[in-house]
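Naming follows writing order (A, B, C, D and E), and every chain is counted from residue 1.
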Amino acid sequence: MGEAAFWFIVAVTLISALIVVSSRNLFYSAIALLFTFFGVAGLYIFLWADFLAGVQVLIYIGGILILILFGIMLTHKITSVDISHTSVQQGVGGIVVLLLFAALAWMIVRTPWLVAAAPEPPGTAGEIGKLLMTDYMLPFEVASVLLLGALLGAAVLSRKGN
Amino acid sequence: MNIFIQYALVIYLLPLAAFGIQIFLGKRLPRQGDWVSIGAVLTTLILALAMFAGMLLNYNPDFETRAAFTWIDQGAFQIRMGFLIDNITIIMLLVVALISSMSHIYSLKYMAGDPRYSRYYAFLSLFTFSMNGIILADNLVLLYMSWELVGLSSYLLIGFWFEKDSAANAGKKAFLTNRVGDIGFFIGILIFFTAIGSFSYGDIFAGVAAGKLTGTLLTLGGVGLFMGAVGKSAQFPLHIWLPDAMEGPTPVSALIHAATMVAAGVYMMVRLFGLMTHDTLLLVAYIGGFTAFFAATIAITRNDIKQVLAYSTVSQLGYMILSVGTGAYVAAFFHLLTHAMFKANLFYGAGSVIHSMHHALHKKKDHETDPQDMRNMGGFKSKMPITYWSMMASTLAISGVPLFSGFLSKDAILAGTLSFAGKYPQHFLLPVFGFGAALITAFYMFRLMYMTFHNQPRRPDIYREIKESPREMVFPLVLLATLCLFIFYTLPNVNPLSDEGWFSTLIVARDSVVPVEMGPVIASEIEEGMHHSHYPAMGISIVMVALGILLAWLMYLKRRLSPAAWADKLKPLYRLSAGKYFVDEIYAKYLYRPVLGLADRIGYLDWDLYDKYFINGFGRVTTWLSTLSGKLDYDGLDQGIIDGIGRVIRYFGAILRGLQTGRLQSYLLFALLGIIIILVFQTI
Amino acid sequence: MEQLNSYLIVAAILFCLGLFAVITRRNGVAVLMGIELILNSANINFVAFARFGGMNFSGQVFALFVIIMAAAEAAVALAIIINLYQNFKSINVDEAQQLQR
Amino acid sequence: MDNYQSLANFWPELIMVGTAIAAILMDLHYRRAQSYKVGYWVLAGLLLAQVAIFVQPREPLTLFLDSIAFDPFSRFFKTVIVLATFFILMVSPYSKELKHYRTGEYYVLIAVMVFGMFLMVSALDLIMVYLSIEVVSITSFVLAGYLRKERRSNESALKYVIYGAFSSGLMLFGLSILFGLTGTTKLFEIRSALGQLDGSANYALILSAILILAGFGYKISIVPFHFWTPDVYEGAPTTITAYLSVAPKAAGFAILIRFFHTVFTNGGALSAANWIGDTGLPWPQLLAVLSVVTMTLGNVVALQQTSVKRMLAYSSIAHAGYMLMALPLLSGEGLYAVMLYLVMYLFMNLGAFIVVIAVKNKTGEESFEAFRGLGWEMPLLGMVMTIFMFSLTGLPPTAGFIGKFYLFAAVIKAGPQFYWLAIIGVLNSVVSLYYYLRVMKMMFLVGEHKNILTTPTTMVTVVLICLAIPALVFGIFWSPVADWVNQSLMFFTQGM
Amino acid sequence: METHILSWLVWLPIVGMVAIAFIPRDKNEVIKIVAAVTTGLQLWLAVMLWLRFDATTGGMQFVEQAKWIPTFNIAYKLGVDGLSLPMVFLTPLLSFLAIFVSWNINKAVKGYFALFLLLDTGMIGVFLSMDFFLFYVFWEVMLLPMYFLIGMWGGPQREYAAIKFFLFTLVGSVLMLIAILALYFTCGQTFDIQLLVQTAPEALNGVLWWGISAIKVIWVLLFIGFAIKVPIFPLHTWLPLAHVEAPTAISVILAGILLKMGLYGLLRINYGMLPEAVWWFVGAIAVLGLINVIWGALCALAQRDLKKMVAYSSINHMGYALLGMAAVVAAGSIHGTNMGAAQAGLSGAIFQMFNHGTIAAMLFILVGVIYDRAHHRDINGFGGLAKQMPVYAGVVAVAFFAGLGLPGLSGFISEFMCFVGAFPVFRLIVIISTLGILLNAAYFLRAYQRIFFGKLNEKYSDLPDINGRELFAVVPLAVITLILGVYPRPFLDLIKETVTVIINHITLYGGSFVPLP
């Protein structure tokens, strides 16, 4: 895993993200999003979070992205060639976002982050699992309720008829 | 409580009771209750006579009795109410009771058949009550209160025939003009109270004597009090209400606007003479002297019989005020006494003529002709002999012809001015005013007599219907005409050229309490001087009077001189006189209208500008236009500060609401912007 | 250049790109994509902080929950968008402007 | 307390989860026409949860290894939430808007939302903070869009979901920075870690705090995170609008107070607490300015509205501003006042919205025009609305006055440097009078005097009276509420 | 007192209100009778209070105290002294009479009288409260019924007038709330008015806020609150509108009682708790009093609407009371401790409050009488009515002359005392404001002449004279005006000791007062 690989992944992530936000074609955006997610997963691996990378691929790409694609298809006639879309207030939005980025970048550079050396763990799934059963058991359970609620909500809203 | 106080209390309260009964029950009583008022006033007359008799029996110039109670007791702030009775009080009480009784009796016929007959008597009683309050007061508060109440009764009586706009206006004018004077009066009271801490005459005199109030403030206090007199006694420049007050019924004019109420100012000045500084008195003298002369010159050109008498009253009151100013305040009071008799009589006479004219016109169904205009009269002497002769007696008295009362009092006044001018030669103008007025007085009074009673009737049609007035009206005429003779004032002495007698014995000048370093006018010194100037004054005045009568005789009886030609020759002067020196017009232009305009403008400012202040300037034009068109309307919610602020708020609200575009992404953008703003705010 | 700051900068860029998408894209689905970018950027932060802060697994757990939540949220959001499409025949966010008075 | 032991003190939440599941099952059982009966099951569960809240031990604890707090403070807010939910559940079956839909899930979602809010008011871990807010958000997105055949409702849900996701994204980013600075997700540990930072990390701290504030601010709709409020409130079913304006707002205040107090102060007793801002961060001024801007904007824009519902939406923004006023003081009195205000606000705001429901049931409209002459036609409605409006304005003798009184008292007590805040606050309440009075004007002053009398549904009437009585009585005698608040705060002032 | 007479006074109207709530809405007569009986009983209680009042002490009497909200030191405390007694008497009196004035209300009778009784409680509560919090609550409680009474039963612009009134007063009262809280926290955390009067001057002594004395800040906040109610220029513009649009009975209450609350508050709170600031601010009070006098009179002179004229005359009359209040500094050493002037001024101000209450009430009732008959109030639109309505003309004359301060009627004495008191200190101001006396007369006489004198306007040749019910409402007021005008001691003796207490309190904290010209 050389530095080149890292920068490659960063480049893929960011360029595809740029396409996501700028493409006029919704499909292209969705496809680009796929690459972004992959890129992020790659970054996770660089960051010694292999389990998370797996989850990222599974849920984001296997779940969310598919949902998004469904969303695109359900809201546009599949035959329609024109699923392009436009943007608004790009100028102002761009300036605001750049300002914000400047603020963030300044913060990142100036702040003495908490840094501590640590050896690469052999695997992360076990540690995460342990945490989920101890410190974060409650959030784990709450997440299930959240999913229940979301499920129910999505069902209510998309149900046909009465 | 001695007998004088008891009598005074009855005299004071009885007319009030009559007023109450009349107002509430009057219409239901038999004869509409006139007997209640007349009974009350006659009782007061009897009591006043009794007091008068007591005074004569006592024969003590220093007689004085007081009674008072605590009216307001707020600890450090107290007002004591009470009566002060001395010889001046008693004489004044008698005058008021007498003239009031005469007016009551006179009115029995004069006012017969009036729809508000009982109301009229109620008001007369109210007046009597108030006037007695002025006379009896031993403190400035009761004086001021009665002073205002007199103003009220005068207002009610002048405007008694309120269906006539002129009468209603005259009443209002009288009240307001009087209030102008009263403001000064009030400020004077405030000055005295503030310095001395009491309202009672006794305390105030003692306080001034003790030097608690000195200097300019004392002068100003005196001027303030005098302003009250200026208003009430119709002195220049507040004289304007009195001629208008003739809109009231004639007995009222006789009682209130000739004999008593207008004399209240003089009475007050006589009472409080001791408080006046030299400077105050100078002002008093000049105002009085000028008024005497000034009003007389206006009287020359009046054609309305009551107007002549009204200006004559103003002029005579000026005499009295002049006399007070020169320190001869006893003479002033003496003139007050004699003037009350002859002037009331003159009014009754005039009333008798008018009454008769009224009947004549009524019979002829003539509603155009003015029953008071002397140009419609003439030759009435034969038809109304009693009226004529009694009026003639009064005319002689007022003109200052020997053997009549006016001669004595006027002589005293003129002697006083001479004496004063002798002491302070720079004020030579005062006697000039006095003697000049004497000449003119004689002239216009005889003019009145000649035009009314002598010559050929100018309107024979009316003349035919003229007849002598009924008994109730003639009786007062005769009685008062009798009282115009000098003898009643000089008893037990019978010397037509000297005023020595009971009056001069019982009423003596008291010295001012104003500290010597302020150079007070010492009344006794003036009195002393009067003895020396007595005969010169008499001589000059007789000459003047003779001249005046002669002039009138030539012009109006013998027609040797044509009044019209003379008027033409002296055109500017004539115009001034005929126009009453345009005082009313000047006031209207420079006083009433500006004040009313100011009020309008302030009202407008308050309501339409201030209240709408926050509204944008564009709205202002429209409101201005709407005000111009006489409408003070306002349009619904778009008004007021609140709305102004409300508008501003709503304006910003609209801007802020503009942020709520409904476009989601704008919201998000704004939120981000907000974050950046906060960030900047936080890091700076 | 495997340093904390490079990850943070990448995350920041991703975050800003996500924000940009959210505030500029008219299509509801595209806005949703932007939101996913934001969430991913935060996740990178978490994981990066976890890695460089002494291998603190809390960060990874946090990221895990975020991913779960993102899925749930995406489901609901898409349901809403589809529902809206059925009523409006459009999913352009700025056309949903009835509620602006 | 470890996970297993914690369960013993976790009953209210468990009951709500159980209720939700039971309700889903019951919903399967009912046919559409009866589906509203699910509401009664939820109601039963809610009451049971309240009983559990009531019988729980009083001393403060932390549960699930410092994941959530268990203390009177959270108990107070839970009770407030239960109360609000109770009234909404009572009224919902009688709202005509919902009549066209199967409402089983509606009640289930409310149950889930209550669960989420319970967690919100007690979260002590960044993950719990995030998750609980999301639970509440996601359920409320769905509820706002519940009238799926109505465009207004769709639109409201869309705006809500995007705004919500956006805000929580911002917050999440902020949380990640906080995590980066301290390396932990537990609030207590964060505080101690922050306590050791020198000033060099201030900037990051500020940035993260602002981003986190965006998340909380969106829940309680403070400027500039309020934009969703009017649109969502207007489009959502009125019952849900009423609910959103009270319960999540209370929960939002709870979490804001707890988070900021725990993380950003030195943690001393409240009366002596200081912002970490001893290092120079101008927190009080920021919050004071936000409060002023929020209340002013809410009031000023509310003046313009033509719909009562939307007017109430803005007024709820203004009220958030009032409550925010007491936070910068960082005094026990300030928190006390906010909590008391929330109780008072619960009654009057719910009441006002329920009147809107009743009017909409009758006229099908929510505009001011719909209220014309209603005071004559429905005297009871007019009377209770008068109470609510005057209470919202803050006039004695109503509960709203007491709420404001305590708020202003807290501000004044903090010293002359805050007088300007109090003066702006009171002047704002004068402005608010204007639009509240407009409702009165429409109901009583204009419109002819009709003699036809109608009343709303019995249950709505009962609920209205149940809300109006406290709105009035607490204006005269509020000692019980004050004592309750006091007890709920007592421990707080001694540190958690 | 064990009889709780004050509580009865306060809560009796509420009892009546509840009773009315249970009467069916179509039983109008019954409702009116219940209202009349309630206020009648209240009036009787007030008379009993008057009779049992001990005039030899300036302290609080009949004090009732109960705990209310102990955690905030809020108590239910009522009491009465010479300052409040006149108002406590006036309130039920005018309420009682106003019930009869509103007898021909026929729109929503039940609501009207219920609200009216609520208003009654609010008003009397303000005068009796000895707890600041309670005071504030009553102060605000009045607003609600007032809003509806003006807004529902008023004239054409009633909604606008009602909201304007409401907003104006609310601005004042919220500022007052701030001041109340500031006092509470700086002066020992109590709302007890009597206690604050003792502690506040010490506690606030030397306290600076932003470089300004705390006393001044609080004084100004309170002053604005009370000034709006008085109303003092330039915060007065709500008054003409509210008075004009309100139904007659409410105008009576507004002018008769509500305006007095401002002055009462100034005397009780500002003078009591912040005596030091009195010395600092008194010049402004005098100047404002002068402006009120002149401005009000000129505005009244400009009006064509009779009711508006009377409304402006209220502003004018309140100016005299302000002058009297300013006189209190005469007691300071700079003026040779002129206790007499201070006594005169302050007593005069309180007396003026009472007198204006009766006189303005009379005026408004009478305006209502003519409005009921002619359905307009344009001064120029009548003419010659004295002939058609002699009794009415007579009563109006009494009221007008009372209004213009004619001796023999009570208004004169109080104005006189105000002037006498203020003169030693504010010479120039008093001299200018005496012009007000003249203007007073001008606008009253002008109106009287236009309405009653001259030729009878044929339009009104069948106007009925004032009827018995209306006379019943006016005559008691006229009698009071007359009796107190002739012999004011029954009134003045009651307030004497309290006034002394106030003056002593203020001189005790006498600051450095620089006299104005």
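The working rule: a residue touches a chain if its C-beta (ideal position, glycine included) is under 8 Å from a C-beta of that chain, and two chains touch if they have at least 3 such contacts.
Every value quoted in this text rests on a predicted model; they were computed, and no experiment measured them.
*Asks:* From chain C, what is the lowest number of touch steps before chain D is reached?
*Replies:* 1
*Asks:* Relative to chain C, which chain has the most distant C-alpha mean position?
*Replies:* Taking each chain's C-alpha mean as its centre, the farthest from chain C is B.
*Asks:* By C-alpha centroid distance to the whole-protein centroid, which chain wins?
*Replies:* Chain E is the most central one.
*Asks:* Looking at D-E and B-C, which pair shares more C-beta contacts?
*Replies:* D-E
*Asks:* With chain centres set to the mean of the C-alpha atoms, which chain is at the far end from chain E?
*Replies:* Taking each chain's C-alpha mean as its centre, the farthest from chain E is A.
*Asks:* Which integer distance in Å separates the CA centroid of chain B from that of chain D?
*Replies:* Chain centres of chain B and chain D, defined by C-alpha means, are spaced 78 Å apart.
*Asks:* Indicate the whole-number Å distance between the mean C-alpha point of chain A and the mean C-alpha point of chain C.
*Replies:* 6
*Asks:* So what's the Cα centroid distance for chain C and chain E, whole Å?
*Replies:* Chain C and chain E have C-alpha centres separated by 66 Å.
*Asks:* Averaged over CA atoms, how far is the centre of chain A from the centre of chain D? Could you give it in whole Å?
*Replies:* 31
*Asks:* Quick one: which residues in chain C touch 2 or more of the other chains?
*Replies:* 8, 15, 18-19, 22-24, 26, 28, 31-32, 48-49, 53-54, 58, 61, 65, 69, 72-73, 76, 79-81, 83, 93-94, 96-101
*Asks:* Out of chain A, which residues touch more than one other chain, so two or more?
*Replies:* Residues 88-89, 93, 96-97, 100, 103-104, 113-114, 116, 135-136, 139, 143, 146, 149-150, 153-155, 157 of chain A each touch two or more of the other chains.
*Asks:* Please output the residue numbers of chain D that touch at least 2 other chains, ranges allowed.
*Replies:* Residue numbers touching two or more other chains: 127, 131, 134, 138, 141-142, 145, 148, 157-159, 162, 166, 170, 177, 180, 183, 203, 207, 230-231, 434.
*Asks:* Can you name every pair of chains that touch?
*Replies:* Once each pair is checked, the touching ones are A-B, A-C, A-D, B-C, B-D, B-E, C-D, D-E.
*Asks:* Spell out the residues on chain A that touch chain D in their complex, using ranges where they run on.
*Replies:* 103-104, 106-107, 110-114, 116, 134-139, 142-143, 145-146, 148-150, 152-157, 162
*Asks:* Which residues of chain D touch chain E in the complex?
*Replies:* 376, 386, 390, 395-397, 401, 405, 408-409, 412-413, 416, 419, 422-423, 426-427, 429-430, 433-434, 437, 440-441, 444-446, 449, 477-479, 482-483, 486
*Asks:* Quick check: in the complex, which residue numbers of chain C touch chain D?
*Replies:* The contact residues of chain C facing chain D are 8, 11, 15, 18-19, 22, 28, 31-32, 35, 38-39, 41-42, 45-46, 48-49, 53-54, 56, 58-59, 61-62, 65-66, 69, 72-73, 76-77, 79-81, 83-84, 87-88, 93, 96-101.
*Asks:* If we count contacts the way the header does, which residues on chain B are in touch with chain C in the complex?
*Replies:* Those in contact with chain C are residues 660-665, 668-669, 672.
*Asks:* Mind listing the chain E positions that touch chain B in their complex?
*Replies:* 157, 160, 163-164, 167-168, 234, 237-238, 240-241, 295, 298-299, 301-304, 312, 338-344, 347, 384, 386-387, 394, 401, 406-408, 412-413, 416-417, 419-421, 423-424, 430-431, 434-435, 437-439, 441-442, 445-446, 449, 452-456, 487-489, 492-493, 496, 499-500
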